[in-house]
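You will see two complexes here that share chain A, one where it goes with chain B and one where it goes with chain C.
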Partner chain A sequence: MTSAELIAKLKERFGASVRGVSEINPNKVRVEVAPDSVAPVCEALYRDYGARFIITAGIDSRPERGCFDVDHVFSLDPDKTFVIVRASVPPDAPSLDSITPRVPAAYWAERELYDVVGVKAEGHPDPRRLIMPDDWPDDVFPLRKDVKHGDWPSLGEENADASYPWKPAPEGTSTVVVGPFFPVLEEPAQLRLYVDGERVIDCDYRGFYNHRGIEKMGDSALTYNEIPFIAERICGICGFIHSSCYCETAEEAMGIRAPRRARYIRSLMLEVERIHSHLLWLGIAGHIIGFDTVLMQAWRVREPIMWLCEKITGNRKTYGMNLVGGVRRDIPQEIQPELLEVVDRIEKETAAIIDAVVGDTVLKARLSGVGVLPEEKARELAVVGPTVRGSNLPLDARVDHPYAAYDEIPPKVITHPDCDNWARVVVRLEETIESIRWIREALKQMPDGPIMASDIPEEIPPEQWGVFVVEAPRGEAIHYVVTGGDNRPARWRVRAPTYQNLQALPYLIAQETIADVPITLGSMDPCFSCTERTEIVNVRSGESKVLDQQELLRLSREATERMRGR
Partner chain B sequence: MNVITQALSAIPGALIAVIVLVGLAPLAEGLLRKLKAIVHSRQGPPILQPYLDLAKLLIKEDLAPCANWIWRMAPALCLGGTIVLALFTPIGGKPPFAFSGDLLVFIYLAAIPPIAIILGAFASGNPYAYVGGSREMMVMLSVEPVMSIALLVAAIKAQSLTFAGILERSAAEPSISMGVAGIAFLLALQAQVGKLPFDIPEAEQEIMEGPFIERSGPGLALFKWALHARLMIFTALLVSIFIPWPHVANAGLSLLLTLAKMAVVLALVGVVDVVNPRLRIDQSMAYYARIVVFVAVGALIFAIVGA
Partner chain C sequence: MIISKLKEAIICFKAGRVTLPYPFKPHDPAENFRGRVTVDAEKCIGCAGCAEVCPSRCIIVTDPSPDKRVIEFFLERCTYCARCAEVCPEDAVTATQEFETATNDTQDMHIKVELFMSTCRRCGRCYEPPTPLDRPMETGMRPPAGGNGNGEG
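What follows is the complex of A and B.
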């Protein structure tokens, strides 16, 4: 079904509710609908036309058009098409019917919508905070244009003892608290497991303890060409994904495209990143189930590729290669033999690890049949990456929505029919080998030429938009850019893959044992937040004393003030 | 010979047992860490590192989450119980404290350290410790029967409830039942000493060392030392009873020979530890209740029919 056919169908079905269509190309359309028919339109897209929910972006368009725009982004994967459903809501007490009861995958996205833009999703089954801290004032929404970056409200005393409204523990269960500093994965997140003996009955999650407000920086403090460097810092493992995705999106919004060689270089670095990320993950997964030999060997095998990255880009990680319109560094001819040699060695050693892992009966017994996510549930929750491919659904942004050089060399999509932790392990292992094959192929076909576009416009008109997904090692990351004035976007929306995958966690671990929780979480390769910032407060000034919550908050805030003042 | 002289005569043997089984236990742990490091392609810590770890912990502050006397007593009970157990453990020859029925005393005493761990865990009030404690209990329940049956086979073959009698007999007369019982004991050893794939009660990545999550300083040191010593004690028992050959009369030579055989068994335990992921508690229970216990019962049947 092409987008034109889809829009014809929507118009036929919803009549005058479909108000207007904005199109970048036949594969990317934005449909404006009346606010009261957003929910039925989204439901029709999801149920009847096979669309997959990706993300919701709330945009404060009051300065331009006197309204809030709410964009629900959907993907029609087989047709390589994005459909964005837009509703404009009036600025006073903005609200919109929730689509979560009809499209369950929008569960977090609509909670975030209220948190950051203040558009209420009416009828949402769980309207708790998602992003902002518990003591954040109720009437400040940081992504509104009248909130200036850095000019944050002072967190007064009136909300000081606010705490997260956890789900009450079900009858007959006891609560095991994991976090807020999550052990094993060593990231800030809190999971409350409601357990009966060793069995998990239900759980509740609170994350975003380290929310860094990067989207706000993007639309109020940075320029188009500064954003790639900040985007790369969204994640410490797959940062290049985010800078590539942003650049492709911004290029689309500006109506340009990076030269072929630059696109090949992007893809090559993306695959290099996938290899090192999957090996890193394999080590951590081994460690989670107490198999430290896998950890040590996988990381030893991974190391040469980090050295190679340093040689190509100057950094082991966070390459700083991308700019809107191309890349900053070429991959020189003389480094290619070494690149090939390193991937050959990694292929050989990874194959040995795969043999050892796949042939390990104890390992298989430990992983099989645990954390089962059936196909239909995977589709309902709209999970991405190896998590969805482990549930036998061939979703891969490289093939579904080709970017960079993947339209010229499509990779093989690896799936596994088992739908459990074991399936997700096998998918990642095979993808590592596939990435190596892809790199060899790409080096053979890499064209010569410039690495930076020459037709970058001086002025970028506002109200242009672009959307891209990039297949990160953990699943697809999406960037959605709407251009604005001042040489920066009016809205830059980012969704990392873990955002969608984590929503499947309560389903995955229900009725499993505590012992299986870490590896089930680990099987999704979660990445809660990628830079920790720790503040150490010395409480032993002469005498030791017990700190209550108020006191801790005060100390923590004083420390923040000190850092600000510097 | 009166009771006092009898007791005095046991002192040298007792000292040797405590030095070998408890004093050298951290050294054995250090060697196992080195072995692990080799398989990991790492350099690994110095072999004497476990002594340094214990020394460091012993001089640190002992933080207590509660004023519960069971919680405070548990580490001492665990290490104390282990030291007493060492006095009843044969190392090639008869144990320092040998009398008729010492085998039964050993089986009873062997339960004290795990019970101390479980009590300490439950007393701490920490949910992770609680989970760890109940897992420890389940491991104990699945492993102790196997060990007891294996020892019972040895007792039946020797027609004796003393280690001295069993050692004499099993060295003189190899038999099928003793071989099978030895295998069952070896399979149970891995879980008895809490090595992978059976380090389920501690499971660092799941429940953060479980029973020991609230422990720090000297309390933790005593527990750790007791766990190191436990590995030595059960390895010594396995080697002495089920692999007694070649039998030498000289006590010193016999001790050295036993230590060499223990090193081989420890290396085996270490290799299994390093090439396996952790099982779930239900999988471990099923393994012992459905497979290993039948090996032990098989040995018992062989013993009864005289094989």
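What follows is the complex of A and C.
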């Protein structure tokens, strides 16, 4: 179904509720609908037309048009099309019907919508805070334009004692608190497991302790060409993915395209990143289940490609390669034999690891049939990346929404029918090999030419938009840019893949044992980016003192005040 | 089971010793490495292009008097993107190979360049475009309208 057919169908079904259509190209359309018919339109897209929910972006358009815009982004994967459903809501006490009861994947997105822009999702089944701290003032919404970057709300007394309203434990269960320092990746997040004996009945999650306000910087402090460097710091492992995705999106909004050679270089670096990320993950997965040989060997195999990255880009991670319009450094002819040699060696050694690991019955027993996510549940929760491909759904942004050079060399989509932790391991291992094949192919076909576009417009008009997804090692990263004045976006919305995947956690670990929780979570390759309690031990005297939440909060606030005073 | 354990053992033995003797022996980074930046005051013409492109805003330019310009690098905030070195029209700013920058005195990470500038008293500008001074004004290198946008201005 083309987007024109889809819009005709929507118009026929919802009549005057469909108010207007804005189109970049036939594959990217934005449909403006009346606020009261957003929920039915989204339901129709999801249930009847096979669309997959991606993200919600709330935009404070009061300065320009006197309203808040809420954009629900959907993807029609087989048709390579994005459909954005936009509703404009009036500025006083803004609210909109929640779509979560009809489109379950919007669960976090709508909670965030209230947290950062203050548009209430009426009828949301779980309207708790998601992003902002518990003691954040009730009337400050950081992504509104009247909040300036660098402003600090006064943390008054009203919420001083607030703590997160955890889900009540189901009757007959005990609560096991995991975190706030998370055991899988040593990062801050908290999980409460409600267990009956060894079995997990339900769980609740609180994260975003390290929320850094990067989107706010993008629309109030940085300029178009500075954002790639901050975007790269969204994640330490898939940094290049975020900067590429932002650049492709911003280029689309500006109506330009990076030269073909630059697109090949982006794709090559993206595949390099996938190889080293999957090997890193393999090591961590081994470590979680106590198989440290895999950790040591996978990371040893990974190291040469990191050094090669340093040679090509100037750093082993955080390459700093992307700018709007192209890339900063070429992959010169003389380095290509070395790149091929490194990937050959990695292919051989990864194949040896796969050969050893796949036959390991202990490992297989530990992973098979654990953390099962059936196909229909995977679709309902809109999980992405190896998590969804391990559930036998062939979703891959490189094929579904080709970007960079993937339109010229499509990769093979790897799926596995088992839907469990084992399936996700196999998918990642096979993808590593597939990435190496892709790199060889791309080096053969890489065209000559400039690496930076020459037609970057002098002035970028406001109200232009662009949307792109990039297939990160852990799933789709999406960036949505709406241009503004002042040489910077009016809104830059980012969704990293783990955002969607973590929402599937309660389903994955229900009825599993506690011992299987770390690897099940690890199988999604989560990436988090505070504490209630901490213990201070004086090593000389051996005295220890436990700080409770109140004391720790006080200390944190004092530290914040000291930094602000600097 | 036994076979796969043997295979795993072979992988380990084949790898041998892979750790490097760093920090007991120096480790040289790759030729193109983006390390700590440095400024050659002799070459600097005071165009401030580096300050305009710096994403972390760690290069501050001030003009304490009409004929004096001060360019300061506060490198403790540097993210090592080396955009300053890239846009410098005179190659005065360069990224070095230095990466061991840990220090307990932030002064070690400050660079201050003082330049004597001459101003054209007749027209206020001395050059016909395009000059190296115009290059930092290209799209994407300009500062946003209305302040430096770092929330403190």
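Convention: the second predicted complex is superposed on the first by the 545 of 566 C-alpha atoms of A that agree within 3 Å, B and C clash if a C-alpha of one lies under 4 Å from a C-alpha of the other, contacts with A are read in each partner's own complex, and residues count from 1 in each chain.
Methods note: a residue touches a chain if its C-beta (ideal position, glycine included) is under 8 Å from a C-beta of that chain, and two chains touch if they have at least 3 such contacts.
All figures in this text were calculated on a predicted structure; none of them were measured in a lab.
Chemist: Which of the two partners, first being chain B and second being chain C, lies in contact with A:198: first, second, both, or neither?
Modeler: Touch partner of A:198: chain B, not chain C.
Chemist: Just chain B (first), just chain C (second), both, or neither: which does A:517 touch?
Modeler: A:517 contacts chain B only, not chain C.
Chemist: Applying the touch criterion given at the start, work out whether A:304 contacts chain B, chain C, both or neither, answering first, second, both or neither.
Modeler: neither
Chemist: Mind working out whether A:402 is in touch with chain B, chain C, both or neither, as first, second, both or neither?
Modeler: In the superposed model, A:402 contacts neither chain B nor chain C.
Chemist: So in the superposed three-chain picture, is A:362 touching just chain B, just chain C, both, or none of them (first/second/both/neither)?
Modeler: both
Chemist: For the three-chain arrangement built by superposition, which of chain B and chain C touches the greater number of chain A residues?
Modeler: Tallying touched residues of chain A, the top partner is C.
Chemist: Touch test for A:293: chain B only (first), chain C only (second), both, or neither?
Modeler: both
Chemist: Name the contact category of A:40: first (chain B only), second (chain C only), both, or neither.
Modeler: After superposing on A, A:40 lies clear of both chain B and chain C.
Chemist: Of the partners chain B and chain C, which touch A:123 in the superposed model: first, second, both, neither?
Modeler: neither
Chemist: A:176 contacts which: chain B (first), chain C (second), both, neither?
Modeler: In the superposition, A:176 touches chain B alone.
Chemist: By the touch definition above, which chain A residues appear in both interfaces, chain B in one complex and chain C in the other?
Modeler: 293, 296-297, 300, 360, 362
Chemist: Show which residues of chain A lie in contact with chain B when the two form their complex.
Modeler: Per the touch definition, chain A meets chain B at residues 174-177, 183-184, 197-198, 286-294, 296-297, 300, 360, 362-363, 365-366, 513-518.
Chemist: Quick check on the complex: what are the chain A residues that touch chain C?
Modeler: Residues 148-151, 220-226, 229-230, 233, 293, 296-297, 300, 303, 307, 310-315, 318, 320, 323-325, 328-329, 349, 352-353, 355-362, 456-458, 485-488.
Chemist: In the complex, go through chain B and note every residue touching chain A.
Modeler: For chain B paired with chain A, touching residues are 36, 39-42, 127-128, 131, 134-135, 196-197, 199-200, 203-208, 274-283.
Chemist: If we count contacts the way the header does, which residues on chain C are in touch with chain A in the complex?
Modeler: Touching chain A: residues 1, 3-5, 7-8, 11-12, 15, 18, 29-34, 53, 55-56, 79-83, 86, 95, 139-146, 149-152 of chain C.
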